[in-house]
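Several structures are given next for inspection.
Both complexes shown next keep chain A, but they swap its partner, so chain B is in the first and chain C is in the second.
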Partner chain A sequence: MNQANFRRLLARNSYLFALLLLIVVVLINYSRQDNLFDPSVLNRNIRVFLPLAILAVGQAIVIIGGGIDLSVGAMVSLCNALLVTWITPETAGGDILLAIGLVALVGMAAGLLNGIAVAYLRLQPIVTTYATSFIFAGLALTILPRPGGQLPSDMTGLYRRLIEVEAFANIPIIQDISILREIPPAFIVIAIILLLWAFLRQTRLVQYIYASGDNAEAAYTTGIPVQRIRLGTYVISGFFAAMAALALTMSLGSGSPTSGDAMTLDSIVAVVLGGTRLRGGQGGIAGAMMGVVILGVIRNIISFYDVPTWSQTLVDALIILIALAGPGFVRYVSDLIRRYRLQGGRAA
Partner chain B sequence: MVTLSAQHLVKRYGGVVALADGNLEVQSGQVVALIGANGSGKSTLSKIITGVVAPNEGQLLLDGQSVSFSSPLAARQKGITAVYQELSLVPEMSISENIWLSHEPMRYGVRLDRKAMQKRAQELLDLFKGTIPASLTPTTPVYDLTPDERQIVEILKAISQDPQLVIFDEATASLDSAQVTRLFELIEDWKSAGMAIVFVSHRMDEIFRVADQATVLRNGSHVGTVDIAATSERQLVQMMIEGAAALEREAREPVAAGAPIRLDVRDLTTEKLRGVSFDLRDGELLGIGGLQGQGQSDLLLAIFGAIPFQGALTLSGRRVHFSHPRQAMKQDVAFVPGDRGNEGLLLIRSILDNLMLPSLREFGTPLRMQRARSEAGAVSDDLSLVMASLDAPVNSLSGGNAQKVVIGKWLLRDPKLLLLNDPTKGVDVGAKGEFYKLLADLRHQGTAILFYSSDDEELLGLCDRVLVMHDGRISAELAGENVTRENLVAASMGATHHDASHHKEEPTA
Partner chain C sequence: MTTAKAKRGSFVPNFTSRLTPPLIALILAIVLFLLGGVISPGFVNANQAINIVRLAAFLGIIAAGQTLVIISGGEGIDLSVASVVTLGAILTFRLTDGQDALILPVLGLVMLVGAGIGLVNGLGIVFLRIPPLVMTLAMAGVVQGVILQVTRGELEGETPDLMRTLIAQPLIGPIPGVIFLWIGLGIAMWLLLERTPYGKMLFAVGINRTTAMLSGVRVPLVVVLTYAMSGMLAAFGGFVLLGFTDIVFLNLGGRYLFPSIAAVVVGGTLLSGGKGSYWGTMSGALVLQLINSLLQAQGLPEATQSIILGVVLLVLISIYGRQRAFRL
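For the complex of A and B:
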């Protein structure tokens, strides 16, 4: 019975495995780096994780809705290229906001293209978004043929610490409370995402996304506009790709036409590590956030061991594979134990 | 008050006419049974009324006004909904989330009102109180439910919309008799509250219990509508099939005395089974009965090696303990699942592919397609499979024909022991008749058959012996003259064989 309860617990709380894994990798990291919890180190880590975290939100929503988006990395590259083209150190504050707004629209338009192809033309999500990723990557290269560009120092400063921006530095609360001085806006962004999700989870829209991803036919016969919902998930993913690009650009301070390309697979791995299965209808954003941190911390750990540079990709991939196989492995072992007990009982 | 009238509806899929002349009339406070044999167009007609498919011709009148529904949502907004047999629940969601899906009670217009959802879901569940486990709560996820419980959630989901017209599409196929009785009481209530009900079913006795009128379809066309009170079962069947031969059941013949014992089961125990013992001879048709979910499926799956078990199995005189279905298949054991969509068929693959699947090894490498095709052709002829060609996908077949493919793919292997897990569930009368004939032929050839059915009539009409299961045990073995409805029902409720046969004489103290 305990066995069955445990399996049920795992099945119902898809976050559980991610949480355990998170604790384990953080402890390993801590054992190699005892200043891990210093505000400045936390700050640096979370800053590095943020672009992928934002990207993983969009990816998670698409996957929950029964699809997959292989073009998010290329969207990040495209939006990164646009941001450094439109924003220079001389750009005025209002124009910066306008540029950010436009980039958000570009991301959503890119998602709209994916969504129409998948939901209305009924093309396979994997092939479609792989194909459109080349459109976005190609546009990024056209706009910004080689790395370059520079953001105003206020934008990059804001990404590091509130206190580095003049407008915030003079607010007494920020000066007086050390956490507010040290903790980067990245924390605030992640907190907002989680709060927003907790709210959205209670809305009809998100309920429909889960239903469409779980059993599209059932959702349709129940009267849910499955095609529109599916389209919506890709538009949302496009929006988050644009926001991820903004975070990445602020973090780097400059642009590169291939800056986001490697993030596509990372976003999928993070979502799956967070307990969301690729067949859709299940999982969530909190898990995806954990997945991002797990992924980042694993890479931290590798950098602390003396892994030869050329083997790092290999070691990285092996560890991620093991982490991904975790829940399935637990299930397999508990099945074996159950079988063994029954057969053992027969012999006795 | 609501009146729905379907007039001369036509639906074509490519060159295939699914519905040639669909007519149906139903109004408030009325239960109309929609009946017909294999591929007669019942589901197509239901789907047009609920907006799932659009008709090519004909019209739908709602209270005298012509309407056309572009989607299920449009039909629902007019108060028309359906209880589907298997396709409308979302497994990862809870009972209450499923019931309220797409008409959730909201707070402040944006947030789901989960409290209200759960409270009202509980009220709905209470309608079936006593016939479903008390452990079912509004927060139970649907993937944890048994088929009958899912079916009840489907019913509640439709009812939660306060519809004016409900189509019950084979809604009783997976319910046990207590649940069916409760549903019929509820239907009486809903009827007197002014609901119009269309009841699609293959079970004659249910139609006579619940319906006021019956509308009969044959080959996609309306044959007639009759008052149930003035019609006999025989008349209805005759309307459904030209000539009433198909329902004639095979006369039972005794098993040849001294036929060898094919299967001997001693103290079989699994998570659900608590020590089951019996034997089965060649050429014998052994029925397994009882209420749903008493361990019948576990018994078949354990023998087939699909779930772990304790106990002794002797097959053809040799001790065996299969731990994988492949091992059972090698010993000429075949298993025909009841849930043909999930367990039995590759839906988008061709009929040929499905028939060949268990026997691929026999056709060598590379596959001798010519031989495979001719053998599969022979089997499909034996089954009188109605199909476009062997290359048509399985999901183009009607339910009854798809079920034949599930059986046919095992017949290619010429099994010695056939395990049947409620194979006629949702299959219409005509196809059932053919299926019974097939069972009789197999018995003649000496195949030992273990046959679980949720349809008591089948067990009574076909089987040499019936094992009645209750709570993981065999509560009675009925044989010869003891195979009666009374004994079967009594044993299903948990009485032992002894109690069952003397039930009537016992004084009521």
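For the complex of A and C:
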């Protein structure tokens, strides 16, 4: 009975396992780095995680809608190249905002291309977005042939400050409540995204995304505009890729035509670690964000445990593999126990 | 009887129905090759043709296991091929250390190691229900990690002379051995897929796992076996590749990862599983290699090459990689 309840609990809360995992890795990290929860350390960590976290939100939405986007990394590279080309240390404030707006549009246009190919030309998502990633990577390389560019120090400073306590410390309410003063604003950014999602989750639009991913045929039969919804998920992913590129560019302060390439597969692993199944129709962005933090904390642990350089890749991959195997292992073992009990019951 | 047949067999529909994706890919490969001659004179000659087939052979051999995995369905895909290729090459490089006598035993060991890695993939996918994409991706990381851990970046060894002679250099006339090897593998794969119980079961599993299970197919066994074979073939690909590259480096297989999937898809194998052929993958590998060689022959900048490759891939998969439309 307890067993059944536990299984139901796991099935219903797909990111329960991710949460457990998150707690475990954070505790391991904390055991070696006792200032982990200092606001400044938390800040620094979240600042590093933020670009991938934003990217994973877009990836999660595409995956929930029944697709996958292998071009997100190339989109980040493209937007990163555009940002450092359009924004120089001399650029005026208004023009910076214009450039950011344009980059967001470029990201959405790139997503639109993916979306049209997948939803309307009915091409298979994996190969389609793999093909378009060549287009985006080529464009990034055309725009910015070699690493370079420089962002105004105001902008990089803003990214640091925004994500440090002082920026918010002067706001009256935060000043009055001491606990709020201790909360790094990066968490507030993430909290805003999560709250927004919790609100959107109730809307028909997002319900449609889940329905399209769960069973496209059935969704179509009940009148859901599956093709438009799919198109939409890729455009959203393009937008989030542009925002991830903005965060990445602000934290690096410069650009590279391959800056985002490694983020594609990380974003997918993060989504899966967060309890979203690749088949679509289930999961959420909270899980994806937890997945990103888990990935980041694993890398923290590796550096704090002084893992030798040559072993880091192996340790990293093994921990990820174990984390991925976790939910399946629990299910497999509980299946075995149930079968054993059933047999025992029949014998008695 | 004859009139009915004549009515049905009007030339055009009959012709188009015979125009299967592998055939389209093959025709495309020939057209691309001739197109190369039009764009840059001197592109079309026997040596060039042999060179392109030789290069395509490496991709084709590496994509063999990928074909099986993709046919097995259930979102089947193997992202660990690249690192297994690298591992296969490094193992051969180190263990033979240039000695011809050790080639065969080392080949056996290399394929066994590859099969073992694939076996773990299959077990994780079937019993722990990890999605193939992330399972094989994590495994790729583990294999890459093991390579780094063991070698510490110091890749010592030597390629046996015999391998170089047999694989990359002209063997019979101007044709290098790898092409014969590829043709042999093609025949073996055809036999495996079309003439063995395993092949029949693989397609059944790819079309619908539940019906396959109800028809008495041991689905878990077939899937695990398929991933094990994919690992084995990838390791074999690494072994063969070493005969061509002569040296090893840590990311030797990296550039074959996604092309191996693209070759399968361009060859008309459905990513959703249950339909496909290795002969299609062979044509797909030829097409991809031709596009690559054509782009390189133009001397275009890398960025432009990348964009054109992306557009061409999109066009290729939109010819027949399309999924079914929604119907009420």
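Simple rule for what comes next: the second predicted complex is superposed on the first by the 319 of 348 C-alpha atoms of A that agree within 3 Å, B and C clash if a C-alpha of one lies under 4 Å from a C-alpha of the other, contacts with A are read in each partner's own complex, and residues count from 1 in each chain.
Heads up, the rule we're going with is that contacts are C-beta pairs under 8 Å (C-beta built on N, C-alpha and C of every residue); 3 or more make two chains touch, one makes a residue touch a chain.
Keep in mind the model is a prediction, meaning the values are calculated, not measured.
When the shared chain is aligned, chain B comes close enough to touch A:Y210, but chain C does not.
In the superposition on chain A, A:L278 contacts chain C only, with no contact to chain B. By the touch criterion defined above, A:R44 lies against neither chain B nor chain C after alignment on the C-alpha atoms of chain A. Shared-chain residue A:R228: touches no atom of chain B or chain C. Counting the residues of chain A touched by each of chain B and chain C gives the higher count for C. Look at A:Y220: by the touch rule set out above, it reaches both chain B and chain C. Once the two complexes are laid over each other on the shared chain, residue contacts for A:R32 go to neither chain B nor chain C. By the touch criterion stated above, A:Q202 is placed in contact with chain B alone, chain C being left untouched. Of the two partner chains placed by the overlay, only chain C lies in contact with A:T142; chain B stays clear of it.
Contacts of A:I126 after superposition on the shared chain: chain C is touched, whereas chain B is not.
Common to the chain B-facing and chain C-facing surfaces of chain A are residues 217, 220-221. Residues 75, 77, 124, 127-131, 133-135, 137-142, 144-146, 148-149, 152-153, 258, 261-262, 265, 271-272, 301-311, 313-314, 317-318, 321-326, 328 of chain C are the ones touching chain A in the complex. Considering their complex, residues 12, 199, 202-204, 207-208, 210-211, 214-215, 217-225, 281-282, 338-339, 342-343, 345-346 of chain A touch chain B.
Against chain C, in their complex, chain A makes its touches with residues 68, 117, 121-124, 126-128, 130-142, 145, 216-217, 220-221, 226-227, 265, 268-269, 272, 277-279, 310-318, 320-321, 324-325, 328-329, 331-332. For chain B in complex with chain A, the residues that touch the partner chain are 50, 52, 71-73, 76, 82, 84, 87-93, 97, 101-104, 106, 110-112, 114, 141, 157, 270, 308-311, 321, 323.
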